[in-house]
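Input: one structure, supplied below.
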Amino acid sequence: MLKKLAVLLILAAVVFGGVSSVAPRAQAQDEFIFGVVLVGPKDDHGWSQAHYTAGLYVEANVPGAKMIALESLNSADRPETTLDQVVQEMVDAGAKLIFTTSADFEVDTTVVAANYPDVTFINVSGDDALWGIAPENAGNFMGQMEYGKMIAGCAAALKTQTGSLGYVGPLVDPETTRLVNSVYLGARYCYENYRGMDAAALKFGVTWIGFWFNIPGVTLDPTEVSNAFLDGGADVLISGIDTTESVVVANQRAAEGASVWTIPYDFEGSCAEAPEICLGVPYFNWGPAYAKTVEAVMAGTWTQSWEWNAPDWTDINNPDTSAVGFAYGDGLTDEEKATLAEFVDLLAKGATGEEGGINLWTGPLSFQDGTEFLADGVVATEKQIWFQATNADEATTPEEVTPPQLLAGVEGSTN
Amino acid sequence: MQSTRQGWLWNSMRDMLPAILAPFAGIAAALAIIVLILEWQGADPKVAWDYVYEGTLQTSERRADLVSFWMPLAITSFGLVLTYTAGLWNIGVEGQMIMGAIGATWAVRLFAESKNAPLGLDLGRNGVIIMCFILSAITGGLWAWVAAALKVRGKVNEIFGGVALNFIAQTFNMYLVSNGGPWQPTGSRATETARFPDWVRLPTFTDYRRLSPTIIYVTAAAFVVICLIMYVSRWGLQLRAMGKNQRSAFLLGVRTERNVYLAMAGCGALAGLAGSFRVLAPDVVKLSASPSGGVGFLAILVVLLASMSAVLTPFVSFVFAVLSKGGQRLESGFQWDYDLTLDRSLVRVLQSTVVLMVVLAFGARNRFFPPRSAQPVQDEAQIDRT
Amino acid sequence: MLVELQNISKTFGRVRANQDISLKFEGGHIYAILGENGAGKSTLMKIMSGYQSADRGQIVVDGQALDLKAPTDAIAHGIGMLYQDPLDFPPFTILENFIAGRPGGIFPDRAAARQQLAAITERFGFGLDPNRYVDTLTIGERQQLEIVRLLSLNVRVLVLDEPTTGISAEQKTILFNVLKALARDDRMAIILVSHKLEDVIELCDLAYVLRRGRFVGEKTVPCPISELVALMFGKVVERQNRPNVMCGDSVLTVEAVRIAAQRLTVENVSLRVCSSEVIGLAGLDGSGQGEFIRACAGLFPPQSGTIKLNGRSMTRASYHDFSQAGVAFLPAGRMEEGLIKGMTLTEHFALTQRSPRPWINWFEARQITAERIKNFNVKGRPGSPIQTLSGGNQQRFALSLLRQNLKVLLLEHPTRGLDVESANTIWEQLLKRREQGTAIIFISAELDEIVSYSDRILVFFGGRATMVDDPAEMTADRLGELIGGRE
């Protein structure tokens, strides 16, 4: 009993004994603070690092802007806190603008934003502003990554020797389905037109791990998924998740002498782990969109919007203008790079409406279950591409949109 | 007479001093190590402490957030007091929490979201919330019952059974809320269920929108029940006996198998309630990808550090809640104000350091200053023949 | 080579494991150290092999006193020990194990080691393939490996702890031949530690017998087995006259039970016990009496046969059913099975008290515990943790916890480890219960205890039991023959 009492007293002493006043840190007068909430680590070589890098870009390019970031906000890594609490902490620290950078934050962002009408919220990749569900102070933006993914698919098709590609997918939703389908369309086009092979012979498999990154015991292990693809005959691993397991695995196999390649995702520098076997990376360049938003909020001119930012077709890798890019990897030969550049040129012409361009979102396209996505000759609308659903334009609420599906020809379930 | 009284005084001092000094020494050692780690990481320990304080206790809102994390941790610890006292290493508590979270969500779906509730019941807000608590206690308790059955019937150690059941519960939870699972709303992009309807949410304090008084009442009630069980009831004594020597307890007439089931189920029910707290929290109100998030494992540390004492668990779990939430603020504070990125694992290192040092201090005390009552009597002849 | 143990004494807490033991071992002979469990054999061996040190006394080899700090010291002085569970490294091969136990630095000479291994195995006809992994070997083969290893270290005295447990008859023959050859040809001293009388008679030249930690005598072997038994179990004392109880109704009826335990099967044992009767169970350790008494308590369900209490069938009933029906069981290992270390006397009392109330009235529990302590002559306070009591007081307290008016009381070694006075007080209490009508069945390794207190004796050997109806007319020779299995 005495022992218990002693422990109790000491614990109390530890908790309350050291109480001291915290002087509020003076905030610089002309400082504009914006918060960035990341779902994964800020050095994940993927999605979260791309956002963190954008925040640094803003700090470097917008005078007076200062970022406060919180990484790894998810219930497994930070069970002790919620988005609501983090937003409060950031607002208490002076944030006037908060980027929430995950689909998992979308619903909460919309709810929390209503509590802070003076703070601007951006949920990256969400579409609540499109539907008018979000309050006035919450908007969305996203990059047109499907072009990057098409280029990635093309690069894979140019390289593959076995005619088999493996895609490590996160979880099924309209965005990820859209990106898988984009890769497939790009790969099919290039396999047929540049390699001169039968598009039907191209094997393209997807395995969904269940989340944006590996949570041991919760998701499939992306390392195992990658190995399974390579064991099954695939020679190009394409990553759709936030982290770079596929690069690590392909690099190990290459070190053992196998002819395998990889295409990571999200972050411009993610080829650095294994440049020789990397065919390139379709990456987000969030900097310009962040900077634009920060400047608009600083100037008081920001209004709610849903934006789907296109690459700068004059130079998709321009850090100051292009929303998405494709960094060529050392795994491609010069000849293949030239072919790929030709394909990018065709995409650019198609997107800008120039003569001779291509738009791969052109019918006939059908889904895995045989239903028609686009009739012959029909070009998809923006919303149809965004939701990967034929009825996207007619729907008035998100619930009415049919669930997304993989295109016919892709192996892998949508469950 | 005088000398015996002095002897008694000396003897009790001799027992008490190390007992009182041991945790002091442990905490002091932990603090010293933490200071060293922080200095090595380039962080000023004084500032670090200010952040911990600011992030947990300084304002009433932070205190409210602290309590909403503390309550599920505490109630899970109460449950674990039952099993750990009985010598059952209920590692499966994490899965029991997840099943409780699923149970609470199920209750919401059955009675609040479904167009045709069972038996056409229209329970109203309080009814649905009570159903949430009941169902979560049942699902959590049943999950623990499975671990107990594996142990008693299948001779599977509760640690291995628990690990397996944790995995199954987590996988089942993921199945429900991800990749178009049955509980994920159509077209949703987030790995979670829809937010529960507004009318079934827990009541909140007017000043703190993220804290519900209900979970405080439920936790307090659970505390009273656990204290009654541990300190007054015959069953609590049986559990203690089982924990010290299950074979002897059995031979002395304790129905050990039945008690394994009951202790596990009781713990599972409380862990299940903790799971319901986590999904019903006013700033959550949905089933997420990882509703337990390791809180169950944290509760195991709490109970071990409290040496299975029911009265200590609220305090120890409070300290752990402070360390968790304060650790997060410490991390963000240094990053935002000083551009200093502390290692992500630092918070867990700090927690483990406290546990390790206090446990070591008690170990050292038992090794070098064993309490007299635990020492064998030296002179047998004298005792036997007087 | 002459090894002398001089006045070896060793105590653990309040257990006197060895008291003033002096023995001599000469090269060229095979010795036996005989004794029941707890007689002090293992302790003595561990002291000889450097595993433990003696409190008093010394080990003298060829006139030189040794100071053994570790098993390696003992080996350096030529004393090697073969444990019951061979000490080897299962994931390695025989050769690697052989090398691992030898001095030879970081880079052992594998070729030389292989040669030596081959030479020794060939000489003794051990079929050990150096490349086999140890975890694929039988216990007998692992034993052979260990012997080879010890011989390669030039051991002159080989101590073997129960070496015939768990090995095949064929391996036993090989082992015995090897041991005989080592004694005869190499003039080594072989010491067999065992309680298996057949092995001792077959192999040894001289048997030293220990009982209750003391050396009680030696016998040149071969000799009648009953003489060894008499030494191991003590003298058969004059039975005190006491009134015979009138045998009332039969309380416990065991008919033709068969109990399959790990090492042996108890076959076709029957027993009818009437109230107020005391039955002693005698036999060498592991002859089946332990399994039998546990079956009577509901702890070991018999494969066939029936057990009835007051005419009611209890054959498949659980321990708790037996206990509700008035059967109590007090096992030998008090602190392992029966009492709970770390709990006080009052807590023990509260735990065993049957009450419909879900809570405990601690005030009342303390009061009643204090009364029990007084009535049963227990030296201790209600708040004392049980482990602070001496063995006799623990046993008396354990008895005080049993409820009154039991039908049957089953005890394993009720007085083991207790001094004479404590033992007497325990029996006073037991006999009091007997007067109240409780039937008592007990196991003991002390023949005098069995003969003095039993109304009838059931002698076990190899899973079979023989009933002795009148202990008063029992001679030491007759009992020894029954216990030793020679009818």
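By written order: A, B and C. Residues from 1 in each chain.
The rule we apply is simple: a contact is a pair of C-beta atoms (placed from the backbone, for glycine too) under 8 Å apart; a residue touches a chain by one contact, two chains touch by 3 or more.
Quick caveat: nothing in here was measured; it's all calculated off a predicted structure.
Asker: So with touch defined the way it is at the top, what topology do the chains form here? Options are line, ring, star, complete, other.
Answerer: Graph shape here is a line: each chain touches the next, no loop.
Asker: With contacts defined as at the top, give the pair, B-C or A-B, that has more of them.
Answerer: Result of the comparison of B-C and A-B: A-B.
Asker: How many Å are there between the centre of chain A and the centre of chain C, using C-alpha atoms for each centre?
Answerer: 71
Asker: Return the distance between the CA-based centres of chain B and chain C, expressed in whole Å.
Answerer: 45
Asker: Can you check how far apart chain A and chain B are, centre to centre, with Cα atoms defining each centre and the answer in Å?
Answerer: The separation of the two C-alpha centroids amounts to 36 Å.
Asker: Enumerate the contact residues on chain C facing chain B in the complex.
Answerer: On the chain C side, the touching residues are 13-14, 319-320, 323, 329, 331, 335-343, 347-348, 350-352, 354-355, 357-360, 379, 384-385, 387-393, 401, 419, 421-422.
Asker: Which bits of chain B are touching chain C when the two form their complex?
Answerer: For chain B paired with chain C, touching residues are 228, 232-235, 237-238, 240-241, 244-245, 247-255, 373-377, 380, 383-386.
Asker: Could you list, by residue number, the parts of chain B that touch chain A in their complex?
Answerer: 15-16, 19-20, 22-24, 27, 49-51, 53-55, 57-58, 61, 65, 69, 166-167, 170-171, 174, 178-180, 185-192, 194-195, 209-210, 281, 283-284, 286, 288-295, 306, 309, 311-312, 315-316, 318-319, 321-322, 324-325, 328-329, 332, 335-337, 344
Asker: So in the complex, the part of chain A that touches chain B is made up of which residues?
Answerer: Interface residues on chain A, with respect to chain B: 2-4, 6-8, 10-12, 14-15, 18-20, 22, 25, 41, 68-72, 74-85, 88-89, 93, 103-108, 111, 115, 125-126, 171-175, 208, 210-211, 215, 217-219, 387, 398-399, 401, 403, 414-415.
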